[in-house]
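I've put the structures underneath this note.
The two complexes that follow have subunit A in common; it is paired with subunit B in the first and with subunit C in the second.
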Partner chain A sequence: MRDTSRPVPFARAARAVFDLALEGMVWSRRSLFMAVLLGLPIVFAIVYRVVLATHIPPRVTPFDLYGLLVVPYYLRFAVPLAALFYATALIADEVEGKTLTYLLTRPIRREGILAGKFAAYVVTTLSLAMPAVIVTFFALMTVRGRTGLGAAVPDLLRDLGVLALALLAYGALFTLMGVLLKRPLIPGLLFVFVWELLANLPGYLPRLTLTAYLRSLVRHRPAEEGLSEIFGQVLPAALCLEVLAGAVIVSLAAAAWIFSTREYVMDQ
Partner chain B sequence: MTRSRLVVLSSLVVVGVGVVGALGALYFDPPRAAVGPLPAKGLALPGDTQFVMGFDVHRFVASPFYQRFGKDRQGQGRPPGFTELEEKTGLNPERDVDRIVFAGRSVDKGPEGGVILVSGRFDRTKLSRAIETESKGVTFKSHEGTTVYLFREGAGARSGAVAFLDDDTLVLGPRAGVEATITNYAGGKAPVRANASLMALLESVKPGSTFWAVGDQSVLSRLPLSIPGAAGQGSVSLPPIKSVVVTGDLEPMVAVELTGEAVDSKAAQNLADVVRGFVALASLQASQKPELKDLASAVSVTTDATRVHVNVRVPYELIDSLAPKRPVAADGAPEGR
Partner chain C sequence: MSATLEFVRASRWYGQVIALNDVTTTIGPGVTGLLGPNGAGKSTFLKLAAGQLAPSQGEVRMLGQPAWGSPELFHRVGVCPEADAFWEQLTGLQFLLGLLRLTGYDEAECRQRAENALHEVALLDAKDRKIGGYSKGMRQRVKLAQALAHEPEVLLLDEPVSGMDPVNRRRVVDLVRRLGRAGRTVVVSSHILHEVEAMTRRVLLIHNGRILAEGDVREIRDLMDEHPHTVALRARDTRALARAVVGLPHVISLTFGAEGEWLTVQTAKPDELYGNLAAAAEEAGVSEMYSPDENLESVFRYLVAG
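So, the complex of A and B:
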């Protein structure tokens, strides 16, 4: 028999919340929208394969196109957006739906709730993003047969790792925003589409963004124009990994601390 | 099992199959032993190779660059000599050659020190017969069971050789280099792998490049450390470079990316400043020649710790504007069209 005077152990609590959150997260309208957003490159790849590669002289190689989809589309747009919509809603949805009380009145530690929900976010977004990247890769890289496929595989594996890291880093940051702010969506959008543009500026400013570190970890360097073309920086991989890991740990720790100490008053 | 778990499981299966397929491609694909853009057979090149250059013929032929500048405008739309070459050897370089790799060796081995690997589809009988009948002073011998054609056999270091490494790979170069390559290939040896720095540089080459070149410190140490300054005044000191990687594409524009690694971040910054200085000089010249302004803006220089990245992106319109104008014929159309 469990000692009911003590809260459920952290791991068990987190697992229970994970199961519950995963059920609500994967099968939702948000996931349908995100699946379309993250799966859009597959459509591009098929169009390229069926139409562009056969009828029109290709202006970009399949690998170039894949690089274009990984860096500007996934890393710069779709992944931050997916993280924003899921991670800011981890707690905000419970507050808005007035269901947070049911969680908080259970004998489980609040950190366990956050950990379970964050794990569900990671599993959901990885489940949507990873297959899309893999299918896009194969759809594009086999346009001209298997030539060059083997040589591009290390890039695919690296890209998958970096995208997972991006989901973790953005997810942790937006989880923090979600517990810190009442309406985190607008600041989150500003962060993704305004603040992250600093990555294209000279000097040390790019180091204040997540994009600069993530972009430096992939090998694709798509042709860019304007500031990013002139000042584009590639930061050392070790520094990138350290900073991103630090961002994840600090953001999650801060989010857990705020969530565990904050008093939530449900509007009637 | 709930619907959500089914979604996650399906996704996991797709990822699992994809990753296994990708690793399978890496393992079973013909270029499985390839290092970056260097094909597996390239690993049989002589062990004292100091720099390697590669050239993707298919990409080159399909590029706007070749369409504009490679073809004989007055002939049949092919470079001069290609038709004759095809008649004699059955080889149409535009169609049959896939890739050319040049491995350079140390300077003390002379200018003939490099070995060339040509990959493609060859009519081996016709090509062999052409070598035997069309060239004067050709002899042949067997080396490790492979026929090696020798040109000017008595010329010592200047004697050249050509041989089929296998049905789809030709090796050309000085006799010693060709024989070393054949020996390595026959014995399954990969002496180039011993050059760890060169291997690391090859792995850093952007896949899918039309042309590429890598060189390590051993070849770069022979470069001059100073170059004459502008208008012949003084000289500009160049920081020593440890390695250089060049990749280029010709579509949709001429794009060349040069990455040089300096000994430290300060040297990298100095090197970047030197390059920026030349770009600035070109910009200053723009007042006299406006098209140089566009050329100067086509070059960007960035640094990353000890590395300097120089990107040159030249649109074909700019190349056209820099090219000397053709005399206009009486009907108003440029001559030769």
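So, the complex of A and C:
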């Protein structure tokens, strides 16, 4: 029996928004582009297997190559970019498409709308990124047989966890930017490609970036990553997890508050 | 009339632009037409009523609660926005199911309500087609269906028949009238006068963000003392009729119509004219009488020009 004196319960509302949002998110041009972006390392891994493996000196192991892909490519480039393009658009797409009115004229709290859409973002990006990382891992790690593969699997699981955490942290931050700013894309790109470079500097400045915490959680960091090779800071895992969780919670709470108090004027 | 919707000195501005200015009105059950030219403030009025905007000043209450910030109201309120906007990849049925789930119904009830609403707007046959492939009229109707599907007590319809062909326009007009007769509160906006007139005689005229007049079209007309009232009479002997009324102090002018069958009288006091006409009408053989001023278009023209 529905209680019409109250909004639909939060979890039920968020689930209904999730169902509605997921379909549109998965079958979108954005997802096609992101699938290509996140799947590029698979192509590289296949090319490496077929062509390069025989020519690369044995001191550069497939494990090194995989490590090179995980941090610079996924953590520093593909994942933040995927988060930027999806998360800033969670509400902006509905405003631009003038479909937000349908959501705002239902007996649901706005926080439920944001939660449902954020969950759809997480599921979509995870289902694009995780298989790509797993396939890349196995394609590279089995180039020279299966020796040592079993020992490396825990690292893969840890990498997947860190990537999931990165999608959550960047996603939450960009969701906040999406509800706060009218045009969040440029500030988002500046954050990813300029601000996050602070992670490579000495002192306390790296602690102002998400990259520093995410990178510290990855077990196999690449040998060369600019200045970080010189100053290379590895922050304690517990601190990293606390800061990243805090960033997710604070960003989402702020985004929910802004979204629930803001007016959206859909021009005719 | 019990108030479903109340505006108490409500104003709304966007930056320097005043969209709605110090509006006080109440709307009760039945159909109320919200009428005004483009940019008059109709959409702002409906957005305030639907809690999409907060009043910059004053108060807007729906079903006794503040319209802004009361999402639970949407169990009892349905909104049909003006914008032709959809999740194009969804079918008509999926669109309604998705929105009904957000209203808190279980799956079986969602399906039943969705199909009922699609049937109501004659879209049941097209329920499995993607909205992206719908015609303009079908899109309007599916938009209306989502507002009706949860059987709300209050319906806020922004230009609901815009873009529809005459057959579907008739269907929607009939539907709106039926909902009004069933005791629902329906507020329907349009800038096309005959559309509103076909749905209701109760109107709210908005111009430049202000309510120019409200009530029955005839009552509004009666309020406009500065404008002469027009009464057209068809008679066997229009000259005799003219002789009977020409000396009356409230009669302003007389005009003979084509072939001398019609006499148009302009008067400052229509009630007195009708009283004076009683005897003369029989003598002159009056067979038809109407007031062109009761036509919404003429009322609106008078008011806006005034």
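Definition applied: the second predicted complex is superposed on the first by the 261 of 268 C-alpha atoms of A that agree within 3 Å, B and C clash if a C-alpha of one lies under 4 Å from a C-alpha of the other, contacts with A are read in each partner's own complex, and residues count from 1 in each chain.
Just so it is clear, a residue touches a chain if its C-beta (ideal position, glycine included) is under 8 Å from a C-beta of that chain, and two chains touch if they have at least 3 such contacts.
Source: prediction; values computed, not measured.
Asks: Which partner, once the models are overlaid, touches more of subunit A's residues, subunit C or subunit B?
Replies: It is B that touches the greater number of subunit A residues.
Asks: According to the stated criteria, A:Arg12 is in contact with first (subunit B), second (subunit C), both, or neither; which is it?
Replies: second
Asks: Identify the partner contact of A:Phe193: answer first if only subunit B is touched, second if only subunit C is, both if each is, neither if none is.
Replies: Touch partners of A:Phe193: none, neither subunit B nor subunit C.
Asks: Going by the contact rule set out at the top, does A:Thr99 touch subunit B (first), subunit C (second), both, or neither?
Replies: The second partner, subunit C, only.
Asks: Thinking of the overlay built on chain A, is A:Phe33 touched by subunit B (first), by subunit C (second), by both, or by neither?
Replies: neither
Asks: Which partner does A:Glu23 reach: the first (subunit B), the second (subunit C), both, or neither?
Replies: In the superposition, A:Glu23 touches subunit B and subunit C alike.
Asks: Taking the superposition as given, does A:Asp155 touch the first partner, subunit B, the second, subunit C, both, or neither?
Replies: A:Asp155 contacts subunit B only, not subunit C.
Asks: Should A:Arg109 be classified as contacting the first partner (subunit B), the second (subunit C), both, or neither?
Replies: The second partner, subunit C, only.
Asks: Would you check which partner chain A:Glu263 touches, where first means subunit B only, second means subunit C only, and both and neither mean what they say?
Replies: In the superposition, A:Glu263 contacts subunit C only.
Asks: Check subunit A for residues that touch subunit B in one structure and subunit C in the other, and list them.
Replies: Common to the two interfaces on subunit A: residues 23, 27.
Asks: For the complex, which residues does subunit A have touching subunit B?
Replies: Counting only subunit A, the residues touching subunit B are 22-23, 25-27, 57-64, 123-124, 126-128, 130-131, 134-135, 137-138, 146, 148-157, 160, 216, 219, 221, 223, 229-236.
Asks: Can you list the subunit C residues touching subunit A in their complex?
Replies: Listed in rising order, the residues are 14, 43, 47, 50-54, 71-79, 81-83, 85-87, 89-90, 94, 98-99, 101-105, 146.
Asks: Provide the residue numbers of subunit A that touch subunit C in the complex, in ascending order.
Replies: Those in contact with subunit C are residues 2, 4-9, 12-13, 16-17, 19-20, 23-24, 27, 97-99, 101-110, 263-266, 268.
Asks: Quick check on the complex: what are the subunit B residues that touch subunit A?
Replies: Subunit B residues touching subunit A: 2-5, 7-8, 11-12, 14-15, 18-19, 21-23, 25-32, 34, 36-37, 59, 62, 206-208, 249, 251-252, 255, 257, 300, 302-305, 307, 309, 311, 313.
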